[in-house]
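Down below are the structures I want you to see.
Here chain A shows up in two complexes: once beside chain B, once beside chain C.
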Partner chain A sequence: MVTFLRGRLLSGAVTLIGVVVMVFFLARLTGSPIDLFFPEGGTEAQIRAFEQAYGLDQPLYKQFLIFLGNAAQGDFGDSIWQQRPAMEAALSEMPMTLALAGIAMVVSVVTAVILGSIAAAYRFRRPDRIITILSLIAGSVPVFWFAIVSILIFAIQLQWLPTSGSYSWKSWILPVATISLSPIGVLTQVVRGAMIDVLTSGYVRNARARGFGSLRLIFRHSLRNAALPIIAVAGDIAASKLNGAVIVSVVFAFPGIGRLIVGAIMARDFPVLQASIVLVGLAIITLNLLIDIIYMIVDPRVRLS
Partner chain B sequence: MSVLLDIRNLSVNFDSRRGTVSAVRNVNFSVAQGESVALVGASGSGKTVLSRAIMGLVDEPGHVTGSILFEGEQIVGKDENELRKIRGLGVAMVFQDALDGLNPVFSIGSQLKEIFTVRMGFSGTEAKKRAVALMEQVGIRNAKERYHDYPHQFSGGMRQRICIALAVGLQPKLLIADEPTTALDVTVQAGILRLIKSLQAKTGMGMIFVTHDLAVAHQISDRIIVMYNGDIVEEGPTDTVFRSPRHPYTQALMAAHPGRVRSWRDLAPIPDEFVTDGPGEGVISSGPSVAAALN
Partner chain C sequence: MTLATEKQTNRTFVYSERWQMFFASPMTVAAATWLVFVILVAIFGPALVGDLANKQALLMRFAPPFQLEKGFQFILGADSLGRPVLLQLVMGAQTSMLIAILSVGSSSVIGSTLGIISGYFGGWVDNILLRIADIVHTIPSILLALVVLFILDPSITNLVIVLGITRIPVYLRTARAQTAEVRQRTFVEVAQAMGASDWRIMTKEIAPVVIPTVRTLAMLEVASVILAAASLTFLGIGLQRPTVDWGMLVADGQAYLETAWFVAVFPGIVIVLTALSASLISNWLRAVEDPAQNILFLSKPKKKRSESK
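Right after this comes the complex of A and B.
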């Protein structure tokens, strides 16, 4: 177990280094922040001062080494546009992102477990067919399309919900629904498949032949086994939601790290972009580690090998 | 010997979109206390469905009609709650898929212990003691250390031994063994058969041993029942049936058995007319033709 965790930590560190390298060079492919900062063209002296302030006068490899050295100490520089440290800007957006992703995951998993279990219980019969078709549609609908159409219907036509922002609980409904839709579709199918696998397995049939009651069959002999694939897929989806659901934050003007990242790319605010991406990467790696630990607790086969 | 299990006019049908499939048709037989009966037949002949019907394990879309008396108690038509009381303690079953028979996320010991705490109401420590004893009884070495192991740390043969332990642990009156060695290595099979036979001799339980292997049937049974296409086509004391099989299908089965010939060239394959793709498609069915063949 200790070896396993050590391995995972090590590969997490390698991933993080990869993320750091990628974000640094990819960001610089977008162009220079100078063009955006001085749209009318600044004086030679202004540009020189700007370059010096952000270290842009150094050759690229030197910039990278400086960036690495500072990042290793937790210093990601100051934002070019906001007058504060880049990491502070990124961190201030994290609570909203975590809340949105967390609520969306709870909604997705709960809905999917209910629907998937119903489908498995009525497998190949009408309730299963209806749920399967709906879940395939949910899993296939493009997120941006659903976001815009839901604004059209619920915010503009019916005027039940606000179009954007995050002022009351009502403004959470559409973003959460948008983020949860595709995971509900995918997870419902995973739950259905896992439940059918377990319910038709030899060990559940054997347990039934031993004279155990249906509650014992479900809660002791099925639940934990069915949970394994669900945890794996739900964990994967959760990790992908930690980027702040970029489309949702743009369409609904919902605060969070996604909106910050998009803004930083547009403004070529490299320090903020780097800090945000590294923060998201760190969050995803941590989450994956957590999922591995949960998986180990649930499945003895992973624990021992 | 008194009758343990008495089956009369038992049929099992499965409704499907293309009509009803009869897996078992009007079957009659009985098992005496302590008797060992082999149920022989090709795949699809209805052996497994018949044994599941005795356990009350035929689910939708299957329907059981007729009568199954176990110790005088009618099993057909009982609801799940009443069936539960008979399962395990009255009739127990060992299935053929040894590798899928144990829950992978629980230790061997906890699964064995469970039958004693749940079905017999023993305390945890007493149940554990019994579980270890049971492991030793089915031939697991170092039972105490292996108690905490998980199924994936056991070989296929050892897992089937545990499945057998789980079935006989509650000392049932009747054990149904549905091809318990099919999924196993040939070298392991003999050991499992010896184990089942010795357990049966020791406990005096009745046994229905389902197999398509005639040699195994011969070795393990007092009486043999041959099923073909959902019907019982022949029944009698094992030695008699082996010496002089009466039904043409039984004769064909015997002729196809490699134990009887010197070279594989002498093997007689089952004639095409007996080969079916599933229930309800064979040439001989219940009724006059079977009766004629038997007479």
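Right after this comes the complex of A and C.
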């Protein structure tokens, strides 16, 4: 078990280093921030000073080594546009994103487990067919379009919810719904498949023969065994929540790391871009590690191998 | 010679069964019909429509939908410059389908080739490829695409490259997992013992097993690539007018949501229908290739089948 965890930690660390390296070179390729910072074309001395302040006058390999050394200490330099360390800017946006992704995750897993279990219990009959089609539709709706249509209906027509911002609990409803929709579609299918496998297995048939009720069967005996494939997919889905967060930040003007990153790309704010993508990568790697550990707790076979 | 004949009849049998399973599922027939329609529109539509699609007519500005007196092309209304929404959708169909087909095609071929190589040879090749796939997979695809498309100029080719790269890991992992499993089987060992080259084993023994899985996956990926491409163009990155795709059309309509809802809503409906059709067909393919499930399609006997299965 310790070997297993150590292997996982090691591969997580290698992935993180890979992300850091890739981010550095990708960010450099987006062009120079000088043109944006001096739109009128600054004097030679101004540009020189700017380059020196951000280390842009060094050759690329040197910039890379300095970046790597500082990154190892958690220092990603200062933001070019905001007067503070890049990591601080990224970290300050993180709680909002984590809260949004967390709430959306809970909403989608709970909904998917309920819908998927119903579909599996009524497999190949009408409730199953309706749920299956709805979940396929949910997975086919573009996130940004759903956001726009929900603004159109609930904010403009009915005026129940605000169109943007993050001032009250009401302004969370549409972003959470937007981010949850397509994961609900995908997860429901996974839950349904896993539950059908379990419900048609011998021990469940045996339990049914002994007279256990359907509800108890589903929630006590089956769901636990169906949990493995659900946990496995949930990790990928949590990562894709961050894609949704980018769209939500644009359409609903919702704060978070998505908005920061889009802004950083537009402004060519390398330090902030690097810090936030590394932070996002770190969050996803940590999440995958957590999922591996949960997997190990739930399934003793993984622990032994 | 007898062997060849037997193979031939076996093959026709499988295909007629496929058709039967296809028609047994009305949803799949509807999905396939829609996809064929969209592809035909994508191929021939823009040439037929010509300049009419981009003709600006300020008098037609925000012409409401479902009214025929202004001409059939305004059946879905007109946008902020008086361009007919219906014809814009036709123009968008070509771009959207081209992007989807090219990026799914390239990423599935590259991804599954790498996956087969990775799974077959194992060792350090496998390790490096998997690690790279992990890194690409760790960064959310939209972020990666945002950054890369900011470097490259907006064009269909660059959009295809970015979408292709972000989707390669999916195929790589699937093909690799299956190859690693198939490699242990007796028929591969036999081929090795008979002295077949690695290349021959990979193309003749392993690829036929991996291809059906990749095909099902690719069909599902058509849906996600359509959605991903539309998300990027919606964010204003990837393409520029006069090239339009469905995501851009939604973005165009977003600003006028309160005055003209239909400009943003109709392109979205087309995206949903197309992505949904692709997932339905993928679902059907998966069911058909699974012997435990495909019985379901045959069990409702519209025509009695002979017992000789």
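By definition in this document, the second predicted complex is superposed on the first by the 286 of 305 C-alpha atoms of A that agree within 3 Å, B and C clash if a C-alpha of one lies under 4 Å from a C-alpha of the other, contacts with A are read in each partner's own complex, and residues count from 1 in each chain.
Here is the rule we go by: a contact is a pair of C-beta atoms (placed from the backbone, for glycine too) under 8 Å apart; a residue touches a chain by one contact, two chains touch by 3 or more.
Just so we're clear, the structure is a prediction, and the values are computed from it rather than from any experiment.
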Contact-wise, after the overlay, does A:Y203 reach chain B, chain C, both or neither (first, second, both, neither)?
first
Just checking: does A:L98 make contact with chain B only, chain C only, both, or neither of them? Give me first, second, both or neither.
neither
Tell me the contact category for A:V298 with respect to chain B and chain C: first, second, both or neither.
first
Between chain B (first) and chain C (second), which does A:V250 come into contact with in this model arrangement: first, second, both, or neither?
second
For A:F212, decide between first (touching chain B), second (touching chain C), both and neither.
first
Residues of chain A touched: more by chain B or chain C?
C
Going through chain A, the residues touched by chain B and also by chain C turn out to be none
Please name which positions on chain B make contact with chain A in the complex.
55, 57, 80-81, 84-89, 92-93, 95, 97, 99-105, 107, 114-115, 118-119, 150, 152-153, 163, 166-167, 170
Chain A residues within the chain B interface of the complex:
201-214, 216, 221, 224-225, 228, 298-301, 304
Quick one: in the complex, what on chain A touches chain C?
11, 14-15, 18-19, 22-23, 26-27, 29-31, 124, 133, 136-137, 139-145, 148-149, 151-152, 156, 239-240, 242-243, 246-247, 250-251, 261-262, 265, 273, 277, 280-281, 284-285
Chain A-facing residues of chain C, complex:
27, 131-132, 134-135, 137-143, 146-148, 150-151, 223, 227, 230-231, 234-235, 247, 250-251, 253-254, 257-258, 261, 264-265, 267-268, 271-272, 275-276, 279-280, 283, 296
